[in-house]
Structure formats: C-alpha cells, structure tokens
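Here's the structure we're looking at; comments come further down.
By letter and in written order, the chains are A, B, C and D; residue numbering begins at 1 in each of them.
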Amino acid sequence: MHTPHNPDFEARVRSSFARQAAMSLIGARLTTVEPGRCVIELPVRDDLTQQHGFVHGGVVGMIADSAGGYAGFTLMPADASVLTVEYKINMLAPADGDLLVAVGEVLKPGRTLSIVRAEVFGVQGDRRSRVAVMQQTLMVMHGVADEKI
Amino acid sequence: MHTPHNPDFEARVRSSFARQAAMSLIGARLTTVEPGRCVIELPVRDDLTQQHGFVHGGVVGMIADSAGGYAGFTLMPADASVLTVEYKINMLAPADGDLLVAVGEVLKPGRTLSIVRAEVFGVQGDRRSRVAVMQQTLMVMHGVADEKI
Amino acid sequence: MHTPHNPDFEARVRSSFARQAAMSLIGARLTTVEPGRCVIELPVRDDLTQQHGFVHGGVVGMIADSAGGYAGFTLMPADASVLTVEYKINMLAPADGDLLVAVGEVLKPGRTLSIVRAEVFGVQGDRRSRVAVMQQTLMVMHGVADEKI
Amino acid sequence: MHTPHNPDFEARVRSSFARQAAMSLIGARLTTVEPGRCVIELPVRDDLTQQHGFVHGGVVGMIADSAGGYAGFTLMPADASVLTVEYKINMLAPADGDLLVAVGEVLKPGRTLSIVRAEVFGVQGDRRSRVAVMQQTLMVMHGVADEKI
C-alpha cells in the first residue's frame, strides 16, 4: 500500500479531473481515487466508435492515460503537478459492452518519475473482459501548479 | 515508395475514416492519403484539453493512432481491414497551437503485420513544432470487411 | 489457468531454450515452465554490467524477452514457432543483487498474436525487488519449425 | 544539429562505453560519436543467436539501448550521467548478415529527460536492411558521476 504525501490527494485529483475538458467531451467519470490507484468509467456511446462500431482505440488510450496519470498524481507532493512522458498500450480485444472501466495503479512512485500500469475492461451486464493493458511513465513537475498555464 | 495492392486505396481510406465517429466528435479531418502515408489535422478546441489547457495526451494519441492505422491500411489488400495491435507514444512538448497535424508513415508493410511510425506537430501560424512520436503495430485482418461488425 | 495445445510443451520449450546460444553466453538458465508462464534466472556477473556496475539494461531486456517469449510458446500448437514482434520495458531500479529472476506470463494467448507481461526481480539473500516490467507482443508462426532456418 | 554542453563529449562517451563490460562480452564496438548521434557495430557471431540461428532479439535491444543512450549522453552536461528509463523496440526482420549496425539519434534533448530513436540494420556485403526500430526515454542524472557506484 502506498502512502500519499498530500493528505488532500483525493480532492486534488477530483478537482483536476473536473478541469479535463476532454474527459467531459467523451463522458468519462472518475469513480475511485485511492493512494496509488484510480478508476475511470466510460459509458459506451456511438460517437466514440471507430469504423467497426467498437470504441476507438485512441479513446481507450485516453481513459487509460488519465486513469494512470491520476493514480500517479495521488502520490505526488501538494506543490507538484503531473505530466505524461509516454505510454504504450496493447489492445487485447475489441472495446465493447455498455461500459469501459480503466484502472490505473502505480508500480513505482518516484521523486522525478513514476511508473504506472493501467488496464481497461469492457463490462456488459455481469460479464467483464480485459480489452487493453498499458504501461506508462509520468513526470513529477515540482513547483508547477495543476492549473491552466 | 510503397506500391498499394488496392488501386482504390484512397477512396477506401476516406470512406473508412468518415465512419469513425470518434474522429468526428473531436473535429479531426483526413487530409493527405498516399501509399503508406496519411495526414490527419485537428483544429485545437477548448473541449479537447487537459487541466493545464493543452490538448489532452490521449487526444494526441487518438489522431496519431488513426493516422498510423490508415497509413497502414493504404497498403492492405481490398478484402482486408486493419486493427491496431499496440502503440507507444512519447510526448515531446505540450500539444499547443491552432492546429495539430498527425503524420503516419509505414516503416514495414507485411502480410500479417505492419509497423508504422507517426509524428504529431503543433502548428501556430508559421511555427511548427513536434509534440509527439509514436511507434505502432497493425494487424491485417484478411477477409474481414471494413464495416460495422 | 491456461490450457496448452501441445502436451509436450515443457520439453519443447526446454529444447528451444537450450538452442539459444545467447542465453548460454550470458549464463541464463530456464527454471520454471508452466502453461502460460516461464521463469529465467541469471546469476549476476561482472561481464554483464554497464558503466555504473549494474547489469546492463539490454541484458535485463534479453531475459525478459526470452521469459515472455517462452511463456507464450508454452500455449502454441506443436507445429508452430514463436517470434517476438515488439516489446517495451521500463526500468524501475538498478539491476543489482546476486541473481536476476525474469518471470513471463501470458495475458492473452491468440491464434496469430499473444500478449505477454514480464517482470524482472533482483534477488540478494532474502531481499527481492522489482527492477523492470515489460509488455510484449508475440507472433505464432504456424507451420514454421523451431529450429535453425 | 544539436550543440553539446560538454566540449569533451566524445572522449566521455568513448570512455563510458569502454567500461560497459556487457558490450565487450558480445563484441560490440562504438564507431561514430557525434552531437546527438552514436553508432554501434556488432559483428554477428554464433554465440549471439536464438533458436532459429538469427541474432537474439534481446541482443538487438542491447545495442539499440546503448546506441540510443550514448546519443543522449553526448548532449548532457559534464557533471551528469545517463540512465535508461524505458525503451520500446519493434523487430522488422530477422537480425541477419555479417554485421549489425545500431544508430541512435536524439529527437528531443531535455534538462531532465531526453527522447531518442534508434534503428538497427543488418549488413551483408553491399546489402543493408532495417531489422529493428526503437523509441527510448533517458534520464539526465545531474551530479551523478559516470562510474561504478
């Protein structure tokens, strides 16, 4: 279990997520926020699809990127903000179902860099199947406020 | 220079792109379609941003994924469709400017897999700076129509 | 738990590993071979190091690549061989200790592609710490013998 | 063209490479060292192969990792050393020929992180074919000497 530096980590993550206009555009919502772990849910909509009618792989990447980034952000100091350095995502199955659930979990928090893993699941009723796995590197930007630059 | 198997590759790619609802949602448009190379442009909008006011890294990934995928698709046979196996993207600079331009280029077309590189640039007036680079693996799905499943 | 297509999977993997001259050069040994899971151990030696005296990141990648590749191979049909399409590895800590242990586990076996995760640990006496995590894509080469071409 | 901070960058890179015992084990040699660009050559030997008789993908990764890492190191300050954060490599063709040549080139040098691309070619007489492409993230470790820790 990870110990957060900032006792207000949850309010901070929720406030930051609320300012990600792109998450609002696709209809993503932040559910769980725990030390080193975040969950984002995305109700599947027709306007999120690619040519085969599944959710676009880039949209799957968006929620994985945000779930991973905010998982990392929960463990960062109060005066820092978070930046995605890079991510790599494998698609395991078509992104299908009523709901996509992205779970980000910190593998290694660091002073300068944090390494995170995210998984995305497709949920249809009782059935839940893994549709993507991601490995991500985040940068801790010390002294940079989490707001519009 | 690559030689396409399908003489109608351009019409096929444009028709497929037009059916990607997610590209329409974010306002992306397909400009160049050449053998082994595609360009997608995305006018920057407030509803595409993350908490610092730059375009969300996942949105950058979306246009890179589509530019790369369609670059690969130009070289595939007429009875095949394209699937993203995985991609890895490095963010080089904040995605800023009036317009983002994603350029996908095939490194190695194959019977079963194609390896592609994409770069994303931020354009502001005359200034053009590289904001992301991606490496991507695509699968050629022989005998699978490029339509809703 | 995965079910292997080939009941002789273990003998097949051990025979293939024994023919990887590069594994012999660095002194790696294959320990566990289970359906969808392989473990490779590497005693740390001075001639495997980089300039800071830790095991070279590329050597860490070598054992992760082989552990992942053979994990995937355990689930492939008897007439197929395995090929690494790509891998992505994050270094979490300096590769240190008496022994490195690479554990490969299949996330999604497929007819054409398999997606695998590998982790590498550094072991020093009772202490075991994670030094690297990898995500890998393998190709199933049907009808290609696992021998010198 | 990149401008190095450290006028002695070439001597520094060559000295560091000479202390990478793992490069000596596989017989790799550092040829070109320019600002933001390094080339490593590896004569193909039987003891570097995998089960099909080609050079092991992990060995290809080793020379790509070192070529990329040292390309980045050429642009770092004299009081810093270099660390590989992560890399992702796609295999494009079997690593074959008399000689492998890995070329690392900096895409974006930074104060804390540098992003690098590497390509590996197989050379057989006059023929030169691309066998792998890599994207890599390096960390600049300020105030850490490039020597045994």
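The rule we apply is simple: a contact is a pair of C-beta atoms (placed from the backbone, for glycine too) under 8 Å apart; a residue touches a chain by one contact, two chains touch by 3 or more.
Quick caveat, the model's predicted, so the values are computed rather than measured.
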Reference subunit B; chain at largest CA-centroid distance: C
Copies subunit C and subunit B - interface residue numbers shared by over half, same or different: same
Between subunit B and subunit A, distance of the C-alpha-averaged centres to the nearest whole Å: 22
Centre-to-centre distance between subunit C and subunit B (centres being mean Cα positions), rounded to whole Å: 32
Gap in Å, rounded to a whole number, between the CA centres of subunit C and subunit A: 29
Multi-partner residues of subunit B (at least 2 other chains): 85-86, 88, 90, 115, 135, 137
Sites on subunit A touched by subunit C in the complex: 88, 90, 92-93, 107-108, 115, 117, 130, 133, 135, 137
Subunit A-facing residues of subunit B, complex: 16-17, 19-26, 46-59, 61-66, 69, 81, 83-91, 94, 146-149
Partner subunit B, residues of subunit C touching it in the complex: 85-86, 88, 112-113, 135, 137, 139
